[in-house]
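What follows is a set of structures to go through.
Two complexes, one shared chain (subunit A), two partners (subunit B, subunit C).
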Partner chain A sequence: MGASAIASAETGSHGASADFGHALAQRERRFAAALLAPAFLALLATTTFPLIFLVWTSTFRMNLAMPFMNGFVGFENYRVLLTDERFWSSLLISLVYTGATVALQVAIGLALALLVMDMKRGQGWFRLVAILPVVLSPAVVGMIWRTFMLAPDFGIVDFLAINAGLGSQNWLGDPTLAMVSVIAIHTWQWTPFAFMVLLASLASLPEDIYEAARLDRATAWQRFRRITLPLLRPAIVMVVIMRTMVALTAFAAIFTVTAGGPGTATEILNLYAYRKSFTELSIGYGAALAVALLFVTIIISGVLFVLRRAK
Partner chain B sequence: MTAKRLRTAIVLAISAVFLLAWAFPIIWSVLNSFKTDSDVLAYPPKLIFSPTLDAYRDVLFGSGSILPNLISSMIISVGTTVVTMLMAVPAAYALARLRFRGKKFAGFYVLTTQMLPPVGIIIPYFLVLRNIGWIDTYQGIILIYLSFSLPFAIWLLVSYFEDIPFEMEEAAFLDGASRLRTLWRIIIPQVRGGIAVTVVFVFLNAWNEFLFAVVLSGNTVRPVTVAMFNFVSVEQTLWAKLAAVSVLAMLPVVVLGVVAQKHIVKGLTVGAVKGGGRR
Partner chain C sequence: MIGRGQVKFRDIVKMHGEFAALKGVNFDIEPGEFFALLGPSGSGKSTTLRILAGLDAPTAGHVFIDDKDVTSTDARDRDIAMVFQSYALYPHMTVAENIAFPLEMARLPKASIGPAVQDAARKVKIEHLLDRKPGQLSGGQQQRCALARAIVRKARLFLLDEPLSNLDAKLRLETRAELKKLQRSLGVTAVYVTHDQEEAMTLADRMAVFMAGEIQQVGTPAEVFTQPNSIDIAGFIGNPPMNLVPAHYTNGDIIVAGRRLKTAADLAGEREVIAGLRPSALRISPDGLNARVDLVEDLGDTAVLDLNCSGTTMRMRVGDHDVPREGDTICVTARPQDIHLFDPTTRKRL
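Entry: the complex of A and B
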């Protein structure tokens, strides 16, 4: 039964009586409710209920190691959070990690898509190879990089660094290098995503505009700046939004590589909330950190959506 | 002419560098999985070596075999996929084709559920599942995996349901077929391809999940992404075995990814037009 038939029945243009149309519409509603019920009950139970429970938990002192101290504390966790230096530093690390990985993914992905687009042969190779990183588990990716790529001496990156005259580096032990490493790993895994999406939208751009531009003797840079970039904007914004959401909640690829270390050098807010809850067993405060992360996510996505609407 | 040649050469060189950069870590893990530990640790790194299956033999059939973990991963992923599809197909059909009040809100609700940070909802999951004794069980993990697989599957399927012409349903309905029968006999066969793609992606996401698994698994149910840690400890790393386990963990998703190659972009960007997306 199609919606169009219902629509015509409802407006009466079908010639059927209003009663008949009404009965049909009601039956359709009931059918829809029955089809939706299982999925929506499952979503309520696995997303909405946990969210409410999370906010509720964040108003408690709840420590699994010291249950005798547990109790309702109101906004106490949030008061502590505002003066918690580790919270602010993890928030900053989250923002640096997200900003750097998203910018790199879009820049490299776009450059490669432009490079590959005009290739007559070899595009297939790119499409095939680009799929490999994105289907892998970030946990496995992190593990491979931590060991076979970044280990001192025989790790390939270190081997290349030694041969380039940079000397052997402590890629995951030095605070700055560790941050560079986790950013590089995330960028390695997800640039193919930006590349594939942007290549697909490049391929769908109208040919004749470029033809006209060429007749007008526009330079390559002008064509890129004045035609390609504006036409590609929706796709770029979409990639930025999607990748930002994922980078903000990245977990496995940092957890497996540095576990937030050395010290707290790569501890993004997400990881701090996890460590607080499940390593230090301070679940109430961990919940408050998670709520803070949710707020940050909502604010950033709000900003991105406004940017998307603009122009 | 020479300028053009030079350009081609540069493009080729850059392409080669990037192709290598993406493929190399994976190829290198595969090579290492066929080495002995001393070959893995050799300096300079060995590209040519005498291959051995020892690492695979040890991780599959030795003590501390990861075979049970691979089976765990398989049960979790297949279970998640089956339950997700049973719920998502009817829901997606309703959202794509039926008329009812609150339809827009329902679609929006599905999207917003994807915005929740996993690290936030794992805390209540842990507390509740611990109370009902579902930590370290398949039903516990599969239930929680619905939180990300359902919204994803519903939105991907909606995009396929929207592509079928209305006339088919109308014809069937006028013939007197019931709604359920129409859905099952006429509509479902039309979106077979979309269902197959959705199955691939739901399986892939379930197989790759890590955060929920690390908190909710235990000695009975431990997927391979978590069990991998057995091979890396503070005292020592079991290099060749770790490589073998990584390859075994990568194998199913790489095969599925290559099979679903044409649909990858659509699967990765689903829901993006309107909202989030997650991994």
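Entry: the complex of A and C
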């Protein structure tokens, strides 16, 4: 009897404290909401609203050169887009550009990270120098490459090509070479990012398992394949996701180096949307292209995130 | 299997900059032996083991395995299995994959890997954990997994670096006994690093006692216990360790705290010595050293007394039937053969 009285008293006080905790939680939530509101509104105004406006615009015919034709057209822009050869080719160029730059960044970044891990001295300096390209503006990087590196005869790359017996090349004039050049520029600028992330991940791997693997008679290659790569996988996937997002929406460097040329050889989807909107002044169709790019980006990132979850 | 796993260390020196981690280490291990490297922390045991494994190179000296100089042979090619203190399990592989890894590296056919993994896992009683990742195992289970990975390949040498130090006391005792049985049944040469003298005493066929980068004594546990060849070893081995008291030696007798005790020594002349008396060798008798009991530590079946013999402190182990009380004054002595004599300057046994 006495015991049950105590027990019920306890549950009673328990219930009261739960109520109190509930009220507190509610008040805290309201306070948190108040704190968040300004940032949330700013975010709405700067990202969500333009996005909705973009989708809205893409349903209009809006051509600044022919304003008399403007008007709501529904999905007409998208219908045109699906049969637009220049759209498909720019999408292909975007995918090639993204695939090549991301693969190169990961491969070179990983190789550099492995090299630097084995460096006894000068690691700090190497990191400092390596990170420099990342802090430059892509537009500046584009200018540097166009003038110092790729200019015929005087550019460093062309100078090296001449000395290597390849002769002077028209780096930005030839369609294939121009594509190679813009891929190289993007890779040059952003590999340090992959390098830094993979180096940090590599440095956090325990050393003793490599000694265990040596005693288990694994060769250097087997240690890399069976231990380093699987353990770096999360970091590599992270780098791939982040770099893919950026490469799909790259703009400034290509714009300053080739502006999509020669012809449409380096015209990635982003650049095509820009050209359509602001050179040909076909704002409605340009918006539809931009929405298509958004769509592609969402699909690819979705696939990558699923891959990341998978074993 | 017989004749595999013989080890010789010859004048091994290991420098870390100016610091000498090993100062010329020599020892031999016979095939099939359970050999312990015992010493306090930082005395160079792990360094010795790593040099034997080929993970580190010695600054000078030579390592022989089965009479072949392997000093410059890579760890890969020494055919040695090791259990690390940290276990060093591959975190991204399951227990089964961890155990299978050495076999895959040895390019064993797939069909024979599965049974071998099962067999090794059964020997250390982790067959039910094969699908787990190391992160999902307790410390004791990880330790067993590391053990299974080491025994699955029939290496000629089996190295263990403080394998039990991360286990709780009860598990440590259980695993210790199993380890010894396992080594016997495999008939493999084992080198076992530990700072725990009890582990070394119970497991080892022979042991090397390390002090500050040097081996002070090599011998069976009984030899090292009954004939410690230096003051440092005498003060390290045994629990509680040997009492070491300054004494004056004259023709077979020593004078401690004003009392004369007979020894078994037959050195002529007079000199100052350090007398070593095991706590268990002291006994209560009508004549001997007068000692006041300062403290009684009752351990259940035995008790350890802190004695004060006119200024020098000694510890004594007594059975549970004749325990004096704190503050009592008793008279203690030791049999002549139980008194060890050491030189105070060279610190060696006389």
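We take it that the second predicted complex is superposed on the first by the 292 of 311 C-alpha atoms of A that agree within 3 Å, B and C clash if a C-alpha of one lies under 4 Å from a C-alpha of the other, contacts with A are read in each partner's own complex, and residues count from 1 in each chain.
Note that in this section a contact is a pair of C-beta atoms (placed from the backbone, for glycine too) under 8 Å apart; a residue touches a chain by one contact, two chains touch by 3 or more.
Nothing here was measured: the structure is a model prediction, and the numbers come from that model.
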{"item": "First, second, both or neither for A:Ala103, with subunit B first and subunit C second", "value": "neither"}
{"item": "Residue contacts with subunit A in the superposition, subunit B compared against subunit C", "value": "B"}
{"item": "Partner chain in contact with A:Arg217 - subunit B first, subunit C second, else both or neither", "value": "second"}
{"item": "Which superposed partner A:Met69 touches (first subunit B, second subunit C, both, neither)", "value": "neither"}
{"item": "Which of subunit B and subunit C A:Ile227 touches, first, second, both or neither", "value": "second"}
{"item": "First (subunit B), second (subunit C), both or neither touched by A:Ile299", "value": "neither"}
{"item": "Partner chain in contact with A:Asp208 - subunit B first, subunit C second, else both or neither", "value": "second"}
{"item": "Residue numbers on subunit A that touch subunit C, as the complex places them", "value": "206, 208-209, 211-219, 222, 226-227, 230-231"}
{"item": "Contacting residues of subunit B [partner subunit A, same complex]", "value": "11, 14-15, 18-19, 21-26, 28-29, 32, 40-45, 86-88, 90-91, 93-95, 97-101, 103, 106, 109-110, 113, 115-128, 143-144, 146-147, 150-151, 154, 166-167, 169-170, 173, 179, 182, 204, 207-211, 214-215, 225-226, 228-229, 232, 237, 239, 242-243, 246, 249-250, 253-254, 256-258, 261, 264-265, 268-269, 272-273, 276-279"}
{"item": "Subunit C residues within the subunit A interface of the complex", "value": "53-55, 74-77, 80-82, 84, 86, 88-92, 101-102, 105-106, 149, 153"}
{"item": "Subunit B contact footprint on subunit A (complex, rising order)", "value": "1-7, 25, 27-29, 31-36, 38-40, 42-43, 45-51, 53-54, 57, 112, 115-116, 119, 122, 125-141, 143-149, 153-154, 156, 159, 188, 192-193, 196-197, 200, 238, 241-242, 245-246, 248-249, 251-252, 255-256, 270-271, 273-274, 277-278, 283, 286-287, 290-291, 293-294, 297-298, 301"}
